[in-house]
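As written, the chain order gives the labels A, B, C and D, with residue 1 at the start of each chain.
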Amino acid sequence: METIIKSIYENYKNSVGIGKVADYIPPLAKVSHEKYAISVCTVEGERFNVGDWQEKFSIQSISKVFTLSLLAPLVGPELWECVGKEPSGSPFNSLVQLEYEKGIPRNPFINAGALVVTDKLLEKIPNLDDVLLDYVRGLSGSQDIHFCRDVAASEYATGERNKALAHLMKSFGNFKGKVSTVFRAYCNQCSIEMSTSQLAQAFIFLANKGVNPLNGEQVVSCRDAKRINSLMLTCGFYDESGDFAYRVGLPGKSGVGGGIVAVIPGKLSIAVWSPELNRYGNSCRGISTLADFTTELGISVF
Amino acid sequence: METIIKSIYENYKNSVGIGKVADYIPPLAKVSHEKYAISVCTVEGERFNVGDWQEKFSIQSISKVFTLSLLAPLVGPELWECVGKEPSGSPFNSLVQLEYEKGIPRNPFINAGALVVTDKLLEKIPNLDDVLLDYVRGLSGSQDIHFCRDVAASEYATGERNKALAHLMKSFGNFKGKVSTVFRAYCNQCSIEMSTSQLAQAFIFLANKGVNPLNGEQVVSCRDAKRINSLMLTCGFYDESGDFAYRVGLPGKSGVGGGIVAVIPGKLSIAVWSPELNRYGNSCRGISTLADFTTELGISVF
Amino acid sequence: METIIKSIYENYKNSVGIGKVADYIPPLAKVSHEKYAISVCTVEGERFNVGDWQEKFSIQSISKVFTLSLLAPLVGPELWECVGKEPSGSPFNSLVQLEYEKGIPRNPFINAGALVVTDKLLEKIPNLDDVLLDYVRGLSGSQDIHFCRDVAASEYATGERNKALAHLMKSFGNFKGKVSTVFRAYCNQCSIEMSTSQLAQAFIFLANKGVNPLNGEQVVSCRDAKRINSLMLTCGFYDESGDFAYRVGLPGKSGVGGGIVAVIPGKLSIAVWSPELNRYGNSCRGISTLADFTTELGISVF
Amino acid sequence: METIIKSIYENYKNSVGIGKVADYIPPLAKVSHEKYAISVCTVEGERFNVGDWQEKFSIQSISKVFTLSLLAPLVGPELWECVGKEPSGSPFNSLVQLEYEKGIPRNPFINAGALVVTDKLLEKIPNLDDVLLDYVRGLSGSQDIHFCRDVAASEYATGERNKALAHLMKSFGNFKGKVSTVFRAYCNQCSIEMSTSQLAQAFIFLANKGVNPLNGEQVVSCRDAKRINSLMLTCGFYDESGDFAYRVGLPGKSGVGGGIVAVIPGKLSIAVWSPELNRYGNSCRGISTLADFTTELGISVF
């Protein structure tokens, strides 16, 4: 394993200049495009790291997996009456889709879906910010995880389309809280900063039937772990989910901060960070890294 | 004239129970469905009234004509870069249309368009609420015109779709102010209460080449008066504008409070109030009244 | 009248190079962009012509008024269950609108609406091509009116979007005939060639309460004449109908061949031809001509 | 294996009356809702069958896998310029999606995508009907496979929406052939009748790195086999693909005739037939059968 990730790292170390660092908010645009890190965590507790694996970055949409995991045990199957389980087609027409489908987002990993998840969380957990941080710290076994207030504020200030989605869902009755409150919590989630090492550890429960191996806690039911993995495979990479399924063949989730986490159920979790994004908003080098990783391991669903 | 409107009034006096009083906010639902009033005002200053013409009601979307008239002289032709001049097709898909057309609403009489107008007004006139009330009082020659705080608050509380429209336009850069501030001003406008007598008087400038005959002031340019009349003819009645053009053949504007105002350029303005609405949100008896009025006068564009 | 149209003609005679001749099919692209003609016909039978008024051109969408007029007396009010009477908003999303509104086109002057009208005509009149030519010849008092087979064939060959509209309406049950048969008839209609002189004469019944003054025949009922005029005012100029209503203020219909016909109910009809089109597909010089014409006559609805 | 499928068969043998047999065309509506068959085929050549496994049924959309497999080696990567590789979101708005995305269907398993595949096939193979039948016969090792002319004719007669899709793509230049010719070929494909035994055998190449084990032929490249499997996992079950991925976790394809085929790469293929469909158009008992099958085998991606 050590050899594999080191060899991949060496291979791509100089592959920069092919994508574009996210620049829709200033704090993200400042990140060096050369950053590159790979971390692997196995269900047996082994850990492998290479590159900038100690450096923290904005996890952005990867946080949608944490909020869904936090919510799932609290609500049960009626969750799926408020948010769908199917791929969304293209993101650009999410407002059109919401209008057609009467305010029910297609899945929890598009923005509208994550807003509904956050709305539901706030109904159950008024001090969501603190609880979520504790939750992620517990999963990753590290207290050194925080929101980036600067990123959160920028996201909030520029998030007009997300606010439009929230108000539209509210007009359909599929959104209970105050839009500004829910959206602020959502922006905080996106602003969480973690290293690949912390992320790989934090996702291992999804490779371990829902159990956090650090403390033996059942984070989500085995059934929910399977459901979340399934959703990550079909919906985890925006409008490139189908291609990711083909090239990598693993459940995973990406964020515009350049992070990607994937899991091999029963075996391991892997986190990669490289800020240059392709036109779908996924890390270029991150996807190549994972594609080579599954090829090297000789595992693929297909 | 007296004879004509009295005869129409008698004819329809008992025509109730065919439509439905607006009930999307409680204060509107409380209005008696039997109310009926007709007021005519000529450019020469004659005034004719029948029925409940002294009673005030919520003018709702009729206020969109006041805000457009207030804005037009302040901005000039560049107004039409922010809002279109064409009929909108159906209102139900306004979000879809806004998405397609990159945040530019089709015309100033759909909600999205009126929100843009209000946004632009607030840029020029910070104390818009006061200025607008004074403006309408000046047009109608009556100081006794006020906002209904109850109606405005209800509109604000339930206006999720309007807020979604505003945020979507903001995401396209076609909306400058704070959504809550602009929308609050918009709700105040809709909540203005006037009688048919006040409304007929307040619209007479559009029949008089833009000049308020009460004080000789040029409210809008002759050109703008023509433009506003043209917009009222093609877009003044939601998704029933084409049918209204056919049945009545006059520029006009309706509101869900059951009011309708129309003008015969060069001659007169007429306001009708009857709260029962048809399925397009226009006053049933109001449209019949105006159709008979133009038939009786023997004037029709077509 | 003679003086007015001559003066307008002189004024615009050299105004070329500002628009673009239709080129989506080769036969239309070949027309000289310098052509310019104006013809007026009064209800009393006077006729005034200037420029290339004897030359025939492709009437294209102007034919939609003829087919609607031919159909109206045959079906009665149930016509409006198959096709709407309201402006369509933008043409570009007609498929989206048809999908939303379950196969009912917004009005008879958009392509989908004209296809439904032709479908209904063919149900009643199997030999529609011949009957329609006779009908138009009767209205214009001239036997020398024909289809252009070359134009019709080109329209048919390139009309994929129109065929898609027809099949979509058929899937909703709002289209009875064979798509190829109906669309061929539709293309023939568009290919009719007429001069401005013939067109002005052929439209005079709409200014004359539905009566053809040449033979005293009631072509359409007075009510239907009014309805058709109303539709032309709100929907006759594609996505520029609102602006045309403002600038010209008359019911009218344009075609991409560069022709425009308008009527002043009770008075006259006027046809203009100039092939250069603006970005909405309406004749640039045609609209300016009509705007000046109404200004000169001092008639405007607004 | 024998034991597993027999036990599942016994378990569901009487589970009828929960779904609805397809009835949009008469020939499908006549099929008995009680039919139930399971066939398994391993890469080593073992075969297991239970129930009505010798009876043939209409494979419908399962044929989309055959046409894609036939086309893939003929065109190479440029295939993906004409048709996407991503899940489509909901099927009901395919026209809207095609309009948005300029005539490029989201994937080859929605109707628009399969029509493009057929169009491309006909460019290369004029006698496609014969070639396709031979191809499927070769894959299944059985000469007794035919079109059902009755089903094909019904599909053709009622396929207005599919024709609309084809014409719309043609208007965007993404469709070369004659719509009627291509759609007739498409209807023939859907009308192919096969038994579960034949189907399981015909799909085994996708579990075998693209090689037909019956004759050692490389049907598609190993890479293309992986791509097709990936597409089946994310897009094979209409608007229930995400849920199927979760419950079954295998690449597969369903048809409204009640058939489902799935593959376990490297191991086996399995075909199930049971005509009662759920609201997404997938066989109720087919999905339950496959869910139990993967649970019994203890294999799941997630």
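The definition used in the following text is that a contact is a pair of C-beta atoms (placed from the backbone, for glycine too) under 8 Å apart; a residue touches a chain by one contact, two chains touch by 3 or more.
For clarity, every value in this text was computed on a predicted model and none was experimentally measured.
**Student:** Could you give the fewest steps needed to travel from subunit B to subunit D through chains in contact?
**Tutor:** 2
**Student:** Identify the chain pair with more contacting C-beta pairs: C-D or A-D.
**Tutor:** A-D
**Student:** How many angstrom between the C-alpha centroids of subunit C and subunit A?
**Tutor:** Computed value for the inter-centroid distance: 56 Å.
**Student:** What's the distance between the Cα centroids of subunit A and subunit D, rounded to whole Å?
**Tutor:** Roughly 32 Å separates the two chain centres.
**Student:** Roughly how many whole angstrom separate the Cα centroids of subunit C and subunit D?
**Tutor:** Their C-alpha centroids are separated by 48 Å.
**Student:** For subunit C, what residues touch not just one other chain but two or more?
**Tutor:** 93, 96, in rising order.
**Student:** Spell out all pairs of chains that touch, sorted by label.
**Tutor:** Every pair of chains meeting the touch criterion: A-B, A-D, B-C, C-D.
**Student:** Under the definition above, what is the set of subunit C residues touching subunit D in their complex?
**Tutor:** 93, 95-96, 99, 160-161, 163-168, 170-171, 179
**Student:** Under the touch definition given earlier, write down the residues of subunit D that touch subunit A in their complex.
**Tutor:** 84-90, 92-93, 96-97, 100-101, 106-107, 225-227, 229-231, 233-235, 239-243, 245-246, 249, 251, 265, 300-302
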